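Two complexes follow with chain A in common, the first pairing it with chain B and the second with chain C.
Right after this comes the complex of A and B.
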């Protein structure tokens, strides 16, 4: 048993009691990071981490993140540390500033161990498209299964007990889906709750800072630290930050859970359904009210297309700054057009170019009404329906994914409801900007599957309370690929 | 002329706010390239736009001065295109919801009447980098990237170069006096693109539009348009077509010159800026921006006219905000505003021109100039006051000290005393009287001089001249 197998709060106790030092923790985390064979890291920050950790000698009893090692997805700007978002277009780019969340973590003396791999520019959900190649699912040592993405390296870092906490970003489901496939707690709070300053934008209207932990309590503690107004992000909320862990143990008596009928109907894995139903029964036993609610099949089927149009459109604009003129590799050219074309042709992978073409096409004057604006209208209908349900219920509760992590090469019918609905519904939380958390449900043949709980805007405290109740039911607190355990469902 | 010219203008005004439109970089028009650049201005990944409040206040003030409907919900959009001077690959602007819409401005026509020019929209946006194209490379100055702009777009109501010039002049007066901008065309803080097309009188449909870009002075707006209208006119009369193109004005030849032929319009793929949520402007905020707007050109002009200044004098003083500010500092202290205006226009301007300095570097305070102007009201001659003025500037002393140093005393205007002196001189100079009677006007000047000499300059020359004239008639 290593200290790194503990939760943040357990680690904190050990640090305060001086049973272990931040330097020892950093050393061990670095050793594990270096031993990683899942391709989780863009860059391991050995010198920086050791230098910083060695300055941490006086424990801060009221600061749970003091001396805690963590990993950040490589789309968070880190001052003086190359940040590429796993894209060749940013190779060699060394930012001049820290992202707001990096700043906050540093200020609380958390120790950044490494920058994590990701799907290129966060555009992807498989963990296979970064410039360093495939990132593997740590639950499958044979490396036959997807890790999920786009926050793949961040997921691996926590699932492989390299660190107890990692930063990711979530534009469609980029933290909450890999959380399901890696047996983790993946949290995406309300849009505007955490400053996005310094997060490389993919699609700002959908982008969220999100993160992985191995317990709901750790997740709540992390939000305490990350949430709050930042003048540099005009979309960040002025609402006061709450003590998110304060009602964790209050249970779900009287809480109302809405289960979306179409999501259940389009999930074919019988074991997933059985365990999910078992969790419903357990919740009822705890005094929760559970109701099956129809969302509207057409609306749910539209999520993926709507997401794709909006996110690609915004991405093509956000990434227009990557032109080889200001930063990133420069390949020369006889004119500014050639300079830009060279940088962008060589810098982006085919998948990214495909997204740009789709995004640009959707925004063209002659297509905008039929594509971009239509997607905006669809988004607004979907958001209305979501909020309508949440007017009557505390939570929307559904399986986070239809199955365990798929094997490489496994194909799915992209027009089936299993794909369109069961595999892509998490974007609901991005459309509406609602807080949404994935927690492990059970292990199927030794591989995890998660459930997702979504709450009303800025009601993160209540969301953690619900998620904690589920965690107690599943018995999977502190689950990891190192610390495999059978749940209690 | 068989054709009617249809002219529309797009004016970009650089705002002189403390910081840039969406970043915290200073906006002080530094001459050191790339010295005023924030991370956002170079589009570093993860940087985000934050709206400059003062820019919004300025835009509201200009919109109000142009009688526009002000949108109380602030929204921004992205205009997407690739260009080397555009760091983000998009410009944040207000395509769908301009802060001001449907306004107007009244200008004087060439014929002397007044005319209402309708204004379609005013919106806020950010400026691009400044480029310096050299032989085989281009230098970029990011100081200008992100400088706040207001763009003012007129409807095609203008019919000739003079109207266009007066329209731009009126806009300039508004942006300068609302302290929104320096409004200097020659320095690019007010930039003007003009569209002009011709159509036969009576025809409703517009002809082919030609755009003239980057005209750098008011006079050149008039000249460029007058030339361009003639050019298009002769093309049409000789049966040729006007090409849709962009031209520039060549100052040396007084002609417009082809820059590029326009192909299909660029699709800017506008969409709402996702990093700025719509901002609700309260009625109080908008009203406060309007109420605290510095006094504008027209109001000042009306005030000056009411104080007795001629229209020309008022316009001369108002042609420079710093001059007007200086003038107004003295205004409340003087007995006769016209007299003060005269000193400002003649003495102060003369001194500035002679020394090649601006009013901001001028060494005499407005309070002291007011004192000098008041001396004239008290009976000192203009010449005496001008001497005091020059002495003050040359020796950096107060008017009181100058007066003492120059031993300047008030001249006598009392008619009895003047008459006495005049009579004595006339009695002593019968030949001059005869000369005068014989039509030699010079004799009068000689006699005035004699009186002044005899009185050692203590008599008021105007009073002397008046009495002498009367007395000469009697002889």
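Right after this comes the complex of A and C.
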């Protein structure tokens, strides 16, 4: 047993009691990071982490993040530390400032030990497209299964007990899906709840700061720290921050859960459905009201295309500044156009180029109404239906993924409802900007599957309360690839 | 909608300031065949063309301006730190005119 196998709350008690020091924790986290064989890291920050941890000598009893080691996805700006978003186009780029969330964690004396690998520029959901190659799922030592992405290295860091907390970003499901595949708690709060200042933009109307922990309580404690107004992000909310952990143990008596019929109907894994149904029965026993609700198949099956068109179009525009002139490798050329062409041709991977072309195609004057504008209209209808359901229910509750992590090379019918609906519905939370959390449900042949709970905007406190009830039902608090458990469902 | 062809896709790539190899173009063209079918799901939504386009999840709550205080957020040396081709305190690029 190592201290790093504990939750943040447990670690905090040990730190305050001086059973362990931040320096010892950082040393152990760094040793584990260096021993990682899942390709989780862009950069391990040994000197910086040890220097900072060694200054932390007087425990702060009221600060749960004091001395806690953490990892950040490599699309968060870190002052003086190379940050590439796992793309060759940003090789060598060293930000001049810290992202708002990095600042907040530093101010609370959490210790950044590494920058994590990701799908290139956060565009991708497999953990296979970063410039350092495939990131592997720590639950599968044979390295045959996807880790999921785009926040793959951040997921590995927490699932392999290297740190108890990591920062990710979530534009479609990039924290909440890998949370399902890695047995973690993955939280994406309301759009605007956490400042995105210093997060490399992918699709700003959908981008969220999100994060991984191994317990719902830790997730609530993290939001206490990360949430709040930041004048440098004009989209950050003015609403006051709550004590998000304050109603965790209040249960779900009288709370109303909507289960989306079409998501269940498009999930074919019988074990997933059986365990999900068992969780519904357990919730009812706790006094919750559960109802199967039809969302509308046409709306749900269009989520994937709507997401793809909007996100690729926004990315095309956002990433126009990656020109090899102001930052990133400079390859020269006879004209400034050639300088840019060289930097972008050499810097972007095949997948990124394809996504950009799709975005550009949907923005062409001839196509804009039929593709981009229409996707924005579809988004509006999908969001209206989501909010309509949440006007009558406290939560929308569904499996976070249709199965355990898939094997590399496994193919799926990209026009099937299992793909279009069951595998891609988490983008609903991004379309509507609603708070959404994934928690582990059960293990199928030793591999985790999660469920997702989504609530009303800015009602994170209630969301954590519901998620904690599910965590108690499953018995999978503080699950990881190291802390293996059977669960109670 | 514009007909999808290898030329149209290469044109899109050039507008984006990068080249696609023949192999990349072919893969993209094939990908578009599936993508077109996926995009058709949007058109099947009843009333989609009458809905208002949604650009952000919520209206932003900001209705004020910050104080107009002069500051120097970045000095020149810092601004040039990440540029690959710098000369005499400026980013150097090939001649544009003449």
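The rule is short, and it goes like this: the second predicted complex is superposed on the first by the 489 of 489 C-alpha atoms of A that agree within 3 Å, B and C clash if a C-alpha of one lies under 4 Å from a C-alpha of the other, contacts with A are read in each partner's own complex, and residues count from 1 in each chain.
Rule of thumb we're sticking to: contacts are C-beta pairs under 8 Å (C-beta built on N, C-alpha and C of every residue); 3 or more make two chains touch, one makes a residue touch a chain.
All values derive from a computational prediction rather than experimental measurement.
Q: Tell me the contact category for A:35 with respect to chain B and chain C: first, second, both or neither.
A: In the superposed model, A:35 contacts neither chain B nor chain C.
Q: Which partner does A:391 reach: the first (chain B), the second (chain C), both, or neither?
A: neither
Q: Looking at the overlay, what does A:336 touch: chain B (first), chain C (second), both, or neither?
A: both
Q: Is A:381 touching anything from chain B or chain C once the two structures are fitted on A? First, second, both or neither.
A: Second partner only, chain C.
Q: By the touch definition at the top of the document, which applies to A:313: first (chain B), second (chain C), both, or neither?
A: Only chain B; A:313 stays clear of chain C.
Q: Where does A:321 make contact in the superposed view: on chain B (first), on chain C (second), on both, or on neither?
A: first
Q: Once the two complexes are aligned on chain A, which partner has more residues of chain A within touching range, chain B or chain C?
A: Result: the larger residue contact count on chain A belongs to C.
Q: Using the touch definition from the top, say if A:205 reaches chain B (first), chain C (second), both or neither.
A: both
Q: Once the two structures are superposed, pull the chain A residues common to the chain B and chain C interfaces.
A: Touching chain B in the first complex and chain C in the second, residues 93, 96, 205, 231, 234-235, 316, 320, 323, 325-327, 336-337, 339-340, 360, 364 of chain A appear in both lists.
Q: Which bits of chain C are touching chain A when the two form their complex?
A: Residue positions touching the partner: 1-2, 4, 8-9, 12-13, 15-20, 24, 27-28, 31-32, 34-35, 37-49, 51-58, 60-62, 66, 74, 78, 81-85, 91, 93-94, 96.
Q: Would you mind writing out the residues of chain A in touch with chain B in their complex?
A: Contact set of chain A toward chain B: 75-77, 83, 85, 90, 93, 95-97, 99, 196-201, 203-205, 231-235, 313-314, 316-317, 319-323, 325-327, 336-337, 339-340, 360, 363-365, 368, 372.
Q: Give the list of chain B residues in touch with chain A in this complex.
A: 39, 42-51, 78, 80, 82-84, 87-90, 138, 140, 267, 269-271, 274-277
Q: Show which residues of chain A lie in contact with chain C when the two form their complex.
A: Against chain C, chain A makes touches at 92-94, 96, 191-192, 205, 231, 234-235, 237-238, 298-299, 301-302, 304-306, 308-309, 316, 320, 323-330, 332-341, 344-345, 348, 350, 353-354, 356-358, 360-361, 364, 366-367, 370-371, 373-381, 383, 414-415, 420, 431-434, 457.
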